[in-house]
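All chains are identified by letter, namely A, B, C, D and E, in their written order; residue positions are counted from 1 within each chain.
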């Protein structure tokens, strides 16, 4: 019980901090970076749901991110559509595309899936790059509008955009939290652990994988659409594999398969790479090794390491408290079913 | 007709380079069971070292390549020791990210040492040979012949020698290899040595027909991944055949379908193949 | 007839692993399959549970043809199985392993999860109840909170049973449940199988431990090179010369 | 020949083997008995160098093995046929056997002879010599694993539950084979659950419980022991 | 977090603050790592060198007070969002009235907020849209290239013939060029027999595409992109037996191409922009000498144009009498051009158009008999 209250408090504290952050810094640039980080986080949560919980590493996510962004961009700039209508359509387009691709991609497994999606991502990128008449090709789409007003609230200023993105992020986290802690989440994790076994206990693996895949691309598309309306210019490069690697880096450093990993990782990496700006052309000389070292020494990511450490402590405690005693009271809770932070 | 033959030759040239790169990648995949994203960076390092040996130390082309093979091979070994070995029990995603870290580092390193601009690699085989109205440059012939020679040697090594077989054995069961007395650490290092060496040969052969620059590895690495998937990961004949399939599909695709979309052709080919055969063309048996 | 196979055949390339096997399983009994290594026993299981599509022949459950159903559908039909090499979610606790076992009997979906509907909560409790029930049934109370990876072989076998039982099967297929388990513990597992039958579940097992089989099985089928060479009660099998020659060897019971 | 003194092995903070003393003399068959999880495989892995002992010493023919790498240990003549077999699944049966002779690879003729010897012991392997190891049935794989270990012509062979998953007829043959191998000069350390069969061919046995040796003695002594009878041989 | 009130000197020129002197921070965001780094570095070199010279000469005097220029440069890996973030950071931490960037994506990303946050974009891009969208604080530095069409077409058609094959770089710049050149060439009575582009970031070998282009028996090849790969294309075209002329788009420089081909002979019959080192603009000798001394290579137009742009901005600041009012500075850009000292005129830029684009004079050259010869571009 105590643990849960603690956890709640931490989350609450983080939320409160996020809400008051703009007042604390008053620094436009920090707000800008933070907003971007929130946007990335949404994409990272998408990746986490698939790679972290279902065990399928997709390298196509920059592609879906770009599809979300370009759908919004094209619908608003070229078709002059109402922002929110375009926004919803962009999400639908990404998810439908995700569904179709998932249908084929999920026939492959493990590394094949990773490389298959790598290629899918590259194809999405190439199509955006080459299909000038629709996407403006390398020129990019200029002049994407900021989010339209919702009633009296407008989203023209950086601050209002910050809060909009934050609100959406919180909803995403809540959704992911609930999924992970539900039977559906257990089902995903079962697939991650052993797909064969999952099948023999009657789980329709294809249906569940597809569900996770579509949801994951949905988040990528959401992230992309928000990005487009925040940066308001997009070029084909946002669909490049490099962006997938970035998302993956955030996830891994934060802790894959954990709930707080995406937040921790994104903030940390974005912050580090901003700090290394002074090194200019040579910053990758430092960043590369840092990345590698972190992966070696914190293989479960920051969040994973912390929760691992906690789990160890809890296990020791548990060993003392007689397991069977608790059993007779029918109270083995599903507490540590999902290893997370 | 002439065009067709010229393009087949072009496809053969570029396919040879692809095959060499893919071979190195597939070997390491076999041992590590991860796609080594840093392989492209090794390719790039190979180009620079050969270039430096030739330009700065005045070595002959072949000698320069030899030095490059050794140095890049050693970089590969270092990579194995410092990064992949400590990560051998970690889940596969970790190796991927670590490899990306190495990739970022090596590219920045090359830029730091040699600058960000393009370099030209001289070659003693600049001659152009015209035969039946077709153009063969010596360098291109060299690429094809040398690549095939390297591949035959590698094949013999793996199939006919115990040391070679130990690489294959280890790729299938690391503990098992240990139990029959194979020094698995040494084999892992050896594999990286060969893999790096292959990358260096590939780039040293290909650089005279293109350029040497920090991002040159990216030209081939993504395609190398397409190839090893196409060929079934870890499969050596698969990598070679896949390399040529891609080479030909690019040169013929550019000629008879569309130049702008020729990259797309290769990737779509792959997607179709994997859709039909989810484990690649040459996936080996077993469960 | 509860479950029957007709002319069931499986070919791997040139090799016929299972060849024209007709077998009937009677409800509420312990059925056993024995045979030399490579006889096709595990393959036979794989065919019934939908892991491999048969090359020809059919599988009929309670009059319904289930021959080409996917594994998950077959599980829903009430067929559960365990694997020869213990196949479990090693990184989770016993309890967590078993909880998902009941997932196939629940209906809640993604939307339920996101909205945390009543149905989801009810079904979560239901899965939990079921898990506790089968854990008790299999006698795993003491290790319910441990990671499966850290269990002993026997406990893993029991966990595999529990997981299979959580799917509420009518029939359960066990592939060498006692392999790697010492005689003392083998007894315990045999008892457990008897308990399953008593609670109405039909059991079908592959085993090399003759002592156990002969005591336990109501009906035995012997496979050799993919073909059925004998079928009958323990006594009949033990005295069948073909079986002795192909499988049991001189000192029939070791 | 082999001597373990106060050997302990840990997995993380968990001590799987605790202060074990054990001795094998040349030409013997020594059996380790014990329930699942008693620590038999752990001992084997430690002797083979796959695990490191956290304390104690392991000596083979007077030299300490503690610091030696697994491949060096194989070279000095200790070969293990491990639990889980650890075959090369996408290599053919023949190639697997060949790899078994890795430490003797220089001696081409010897390798050929050993191969023939193995085929004599397990004719099925000859029949399947061009098949991938991964496609064999469980029992066939077990035979291959033993065959592969034999290819190294070990002085000391560690057999970790060789009868697991084998048909009775084969188990019987297997123990015959073990006896034969032993007679031909290979010392054998065997882990078994099948105490009955194992003690019949063994000279000496150790009984493990929870990572400790709780009992040791000659086969006759152990056979006569009621506890053993009850726990491992079955009534 | 980092302390925002403190001046973070993120690389670049060191300017020790002397009492009584002020500092003007000039921002730069561009690709300093990754595949486009060489391009980013050369643009930055130009800005950097001008700033150092100005500082050495005493700085920029505004209303009697002397200011040193301090270049604050950030890497954006050629990504628009990074450029946008960098601009925010430069504004927040360094209060930069001017931010240079050498790519259209970065410009577009900054144009979203540069008028609210008040800074001038020093846009080193030829994308016409950046100055046509009505943004009042954008200066387009490189010249419009349509002036080249006429002389290039005339020269090539006369000397070699009417059939041309297009093989430019696949960048937007290359495509824009091709789109403009095609109607021009056809109007002059020519024919485009092959039209494609080469993606230097994705193509491993150019033989394939050149073979296809030459199959159509063109008299002239239109090529272009970064100098070195462009040179490779020319060289391989020769290897494949091409005997005609080249139209080289302005991104590639003859002198840099020569380093790849070994001599100008391969390029005989090529027409393109006059290499900066061979041009006779008044500022050239001095600039080339200093640049060589500092960077150990010949300067190209990336360096030259950004160099001169920095000078023009400095003059505009003086003329405006303000170091922190970008609108004021912007309105004195023409003065900046007018006041530019003669010996700094690496290029001759008489005018800035109302949208903020520099209108430079074009200087054209061809390669004949292994020599660079100037060509009249009227």
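Just so we're on the same page, a residue touches a chain if its C-beta (ideal position, glycine included) is under 8 Å from a C-beta of that chain, and two chains touch if they have at least 3 such contacts.
Owing to the predicted nature of the structure, the values given are computational and were not obtained by experimental measurement.
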Subunit D and subunit A - chains in contact with each:
B, C
If each step moves to a chain the current one touches, what is the fewest number of steps from subunit B to subunit E?
1
Among the chains, which is located farthest from subunit B on the basis of C-alpha centroids?
C
Going by average Cα coordinates, which chain is farthest removed from subunit A?
D
For subunit C and subunit E, let me know how many angstrom lie between their CA-based centres, rounded off.
73
When the C-alpha atoms of subunit B and subunit D are each averaged to a single point, how far apart are the two points in Å?
42
Touching two or more other chains - residue numbers and ranges from subunit D
135
Going through subunit C residue by residue, note those that touch at least 2 other chains and give them in order.
none
For subunit A, jot down the residues that touch at least 2 other chains.
281-284
Return all touching chain pairs.
A-B, A-C, A-E, B-D, B-E, C-D
Residues of subunit D touching subunit B in their complex?
48-50, 69-72, 74-75, 79-80, 82, 85-91, 95, 98-103, 105, 132, 134-135, 148-149, 151-152
Where on subunit B is subunit A touching in the complex?
29, 33-35, 83, 86-87, 90-94, 96-98, 100-109, 111-112, 116, 222, 225-226, 228-229, 233, 260-261, 263-264, 267-268, 270-271, 274-275, 278-280
Along subunit C, where are the residues that touch subunit D in the complex?
12, 34-39, 42, 84, 150-154, 176, 179-187, 208, 210-211, 246-251, 253-254
Note which residues of subunit A are touching subunit C in the complex, please.
175, 178-179, 182-187, 189-190, 193-194, 196-205, 211, 215, 318, 323-324, 327, 330, 332, 334, 336-337, 339
Residue ranges of subunit B touching subunit E (in the complex, touch as defined):
3, 6-7, 10-11, 13-14, 17-18, 107-108, 111, 115-120, 128, 130, 135, 137, 140, 206, 209-211, 213-215, 218-220, 223, 250-251, 254-255, 259-260, 263
